[in-house]
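Below, each structure is written out as structure tokens.
The same chain A turns up in both complexes below, where it pairs with chain B and then with chain C.
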Partner chain A sequence: MKFLFAPGFTSSGPVHVALALGAMVAIVSALVGVFTVVRSQSFAGHALTDVATAGGAGAGYLGVNALAGFVVGSLTGGVAMETIGVHRVRSRDVATGIVLGAATGCSALFFYLAANAGSSTGSTQRILFGSLFEVAPDTLPIVGLLSVVTVAALALIGRALLLSSVSPEMATVGGISTRSVGVIFMLTLAVSVGLSSVAIGAILSTALLIGPAASALRMARTIRGAMLLACVLGVVATSLGVLLAYDSYNWSSRHTPLPVSFFVVVVVVVTYALTYVPVLRRRATTGRS
Partner chain B sequence: MFSGFMLNAWESGTLVAIVAGIVGFFVVLRGSAFPAHAIPNGAFAGAAGANLIGINPLLGLGLFSLLAALGIGSWGRRGRPDVVTALALVLMLALGAAFLSQSSAYEPEIYALLFGEILGVSSSQLVPLMALGVICAIAIAVLYRPLLVTSLIPDVAAAHGMSTTTIDTAFLIIVAMATTMTVPVVGALLIFTLMMGPPAAARSLSSRPSLALGLSVVIAVGVMWASIASAFQWNWPVGFFVGTYSAIAYAIARLISLRPRTRTRTLYRAHTH
Partner chain C sequence: MTTTPTSRSLVPVLEVDDVSVTFGGRAVLDHVSFEIAPGEFTGLIGSNGVGKTTLLRVILGLQKTTSGTIRVLGQPLRHRSRSLGYVPQKVILDPDVPLRARDLVALGVDAHRFGLRRRSREDKDRVEEMLDAVDALGFADARVGSLSGGEQQRVLIAHALISRPSLLLLDEPLANLDPKSVQEIVALLHRVSVQHDVAVLLSAHEMNALLPVMDRIVYVTNGKAASGTTEEVVRTDVLSELYGHHVDVLQLHGRVLVVAEPSADTDHLPSHATLHLD
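Moving on, here comes the complex of A and B:
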């Protein structure tokens, strides 16, 4: 047991906060992620993380709560991308890319200004790559509230969203406004990106959004099953990430722990790669003759 | 403004802008914005890793961006390309973060890797920069027709026996090379901006490939020069100006292309028939 759980793991306060926050964020990201993957909006989802980075960096410079910066940033980005026209598939990539690029430029500026003001040592790294162990316990209720609101919004538009993603024509015939459903979804996506930025860092939050959802969609037969499985995979990834990062303090003699986010991403990517094992095995037994 | 270390900034900036304008044109044309955004992030991991074990950062940059390109190229064919690209991107970034956590890199070094340090480019860096730029340009020149044909009229390309997947992978490798040369100058996160804004602006100004390609290079160089001048003037990071001016260039181009609608239509017709 001592090998698995380094001493103090179960009694440490920061670990509890990290586990709770990680689980909440993982569940929201997984649910939103399933729709993101079905709608092929991975790039948009990722672009929002870069806008959230700019928001987080700006918040760091102004000295306000990073979470507020992340959420406001990605909401602004979502609105901007909808305005330029992400609804037209042809120009979608370009609109996304332009917003992403401009946001990155702003991040560069805010990080630079913050560093010059001397207010924040290590904040660049914290905003970009996250540090779940340093999250203040009092952000938990806010994250919880935002999670509940996001999931509720998703539950309300879920059916309409799914129909308009799979078959826009059918949705229009059924009296669904695909445009407004798309806008509402973009807003929930933006909030969930803001939340996961706090947990594993702004530019890594794509991992929690896309990874568990994509793996679950490959394994489950129904959308409902995929959503459930994605939540489980997400929570496993963040918990395992927290555990491994905590343990990694004792791995080297220099006691330099590896970041939580690194382990979360590794678990997520390995899970996705494992979903290919059955396919490869089937090909090995049936094909190649 | 044009003396000493500033001269290196102007030279390297111009080189980077030309390459970004050329490669970026095909990025926009082929709709491979996401892979083009992911590969530089792989380069970031490479640079961080090279920093950790103390080898030439250019080696790390080249190796990791090549790995990212090949990984996205081969795995993207099996699964959903956008999912694979997203996961490759975060894996590379996370590796970079892990490398950084183990090394004693200072904040400015991390910042320079991500957002570039154009004013810190030394004369010795210019030679490999130029070499890689020339290789990229030659590779694009050789592949010019296949690249155009497979992106614009895939059916015809298939009929002529061109392999889209081979061209795809070859193109991603070119992007990887362009990334390797540009990351030290404008950083992993910003090279994408330069590969996206000016070419997209050029594309909405002209639908004639050769003209749009030329315009793309001109706009990219213009954006870069304006950015360096502004950065020098106001002492703000060059990346901020690159991002802002690219977006402005695209907005202006869209406005221009919207007005004389009939003219662009006829131009388009004349060159597609």
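Moving on, here comes the complex of A and C:
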């Protein structure tokens, strides 16, 4: 039992904040992630994390709240990609690549400036890889509000989004403005990336966006089922990550806790790998017969 | 004069009037005109690359015309609200996405509405009815991406029909199907056209399979089109004028073949476009 519940786990304030924030971010990421995977926009999602990194680094240098930096950065990137031409599949990769390159350059500048100013020790680590334990409790309401708005927007356009990812032409003939639906989705994707950047770091937010959604899509029988399952898998990953990271304090005699983001990603990746077990087993059985 | 129900139903479902489309100086469609009456089964026949897909896209409003007008039920394009159903040629359905056949059909009812309102009993019944109409009840709960080409075709037809369009357009629905599936899809389209009182406009590069069911043929080549019954259009004089050089329409054992003298500029001709005349 000592392994499962290290002393103080249930009563620690930072643990409560970490669990609550992790759960909210995991749910938003999972829901947005299902559509990101279905629309094959994982690369766009990843590019947004690089823009979020630039935003976070800029915020760190200016001494502004990191969440604001992440969300503003990511939204700017989303708008830039839509403007360049992410709506046309052919130019999608190029638009994404250009924005990604520009953003990484900005990150380099901001990190350099911040390091020279010497104001923020450890902020580079926190922006890139996050730390659920170091999130200020007053960030929670803002994260909650952004989560609700994002999920509501997604619910509004969900069915139109699904049909336009099956066939944009069928959607257009059916009376859907695929352009507006695409723009709204890009904005929800941007906010979701901004939120998960706070939780597990800008670089790692792709894992929370794509991982649970991809696993759920493999296992579920319906899209609705995949959305529910992705939420569950995401919340399990962040919660288990928090628990393991908290517990890792006692794993070595030197008492250095390991980063929570590492454990979240481990759970996400292991879950995805497990979805292949039934496939392998089926292959083994058919091989024998 | 007052409009009686009879005279209203005589308004063509589709009027294509002197439509031209030019891409980079090249006329893809060159003054094309034809009409389709309610419930009519029309084949849009021509070789690959003669402008059939462009013509369908223009009718659907997915592409602009350079000149000419298109009316659906007497209304210009911008006022058509969901009066057309469409089955594109290439729909890539991912087997890794858990979208069931019945889900895709249901999206035809409410994908254009905002929100995630629960589907009413009536909507669900309508989905079942459409799945039944295309003989898809047997695989209604399977992922669409995992179905065969012919099965996916049925699901897409049900999706297009569920909004009760007056005209169903299909882009090369018979391409890439085995001969048995071709027969089945043609019979099915004819049946739903009659039962659901919907006109069908279907493009194909081979008219053979369609001859028993076609009320009208729109024969396209080099951006020009001739329209009428098969007896009116598939004739030596009509097709020779359309092609701009001599072609022969031959009758052999009750079948008709469209043949041209072999030469460099007739390579685009169908090598053995055959036609049954009973």
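Here are a few things to note about the model shown:
The working rule: the second predicted complex is superposed on the first by the 286 of 289 C-alpha atoms of A that agree within 3 Å, B and C clash if a C-alpha of one lies under 4 Å from a C-alpha of the other, contacts with A are read in each partner's own complex, and residues count from 1 in each chain.
In this text, a residue touches a chain if its C-beta (ideal position, glycine included) is under 8 Å from a C-beta of that chain, and two chains touch if they have at least 3 such contacts.
In this text the structure is predicted, and so the values were computed from the model without any measurement.
The superposed arrangement places chain B and chain C next to each other on chain A without a clash. Of the two partner chains placed by superposition, A:A52 touches none, neither chain B nor chain C.
After overlaying the two complexes on the shared chain, residue contacts for A:V166 are found with chain C alone; chain B is out of touch.
Within the superposed three-chain model, A:A18 lies out of touch with both chain B and chain C [touch as defined at top].
Of the two partner chains, chain B is the only one that A:G211 touches; chain C does not reach it. Our angle of interest has its tip at the CA centre of chain A and reaches the CA centres of chain B and chain C; in the overlay it is 80°, to the nearest 10. Contact with chain C, but none with chain B, is seen for A:I157 once the two complexes are overlaid on the shared chain. Judged by the number of chain A residues each one touches, B leads among chain B and chain C.
In the superposition on chain A, no contact is made by A:L75 with either chain B or chain C. By the document's definition of touching, neither partner reaches A:A26: not chain B, not chain C. Between chain B and chain C the least C-alpha distance in the superposed model amounts to 8 Å.
Overlap of the chain B and chain C interfaces on chain A comprises residues 218. Note for the complex: chain A touches chain C at residues 38, 155-160, 162-163, 166-167, 169-176, 217-218, 220-223, 225-226.
Within the complex, the chain C residues that touch chain A are 60-62, 81-82, 84-88, 91, 93-94, 96-100, 103-104, 107-108, 110-116, 141, 156, 159-160, 163. If you check the complex, the residues on chain B that touch chain A are 28, 31, 33-34, 37, 41, 78-80, 82-83, 85-87, 89-91, 93-95, 97-98, 100-102, 107-108, 110-111, 114-115, 187, 189-190, 192-194, 196-197, 200, 236-237, 239-244, 246-247, 250. Against chain B, the residues of chain A that register as touching in their complex are 37, 40, 42-43, 45-46, 50, 93-94, 96-109, 111-112, 115, 121-122, 124-125, 128-129, 201, 203-204, 206-207, 210-211, 214, 218, 256-259, 261-262, 264-266, 268-269, 272, 276.
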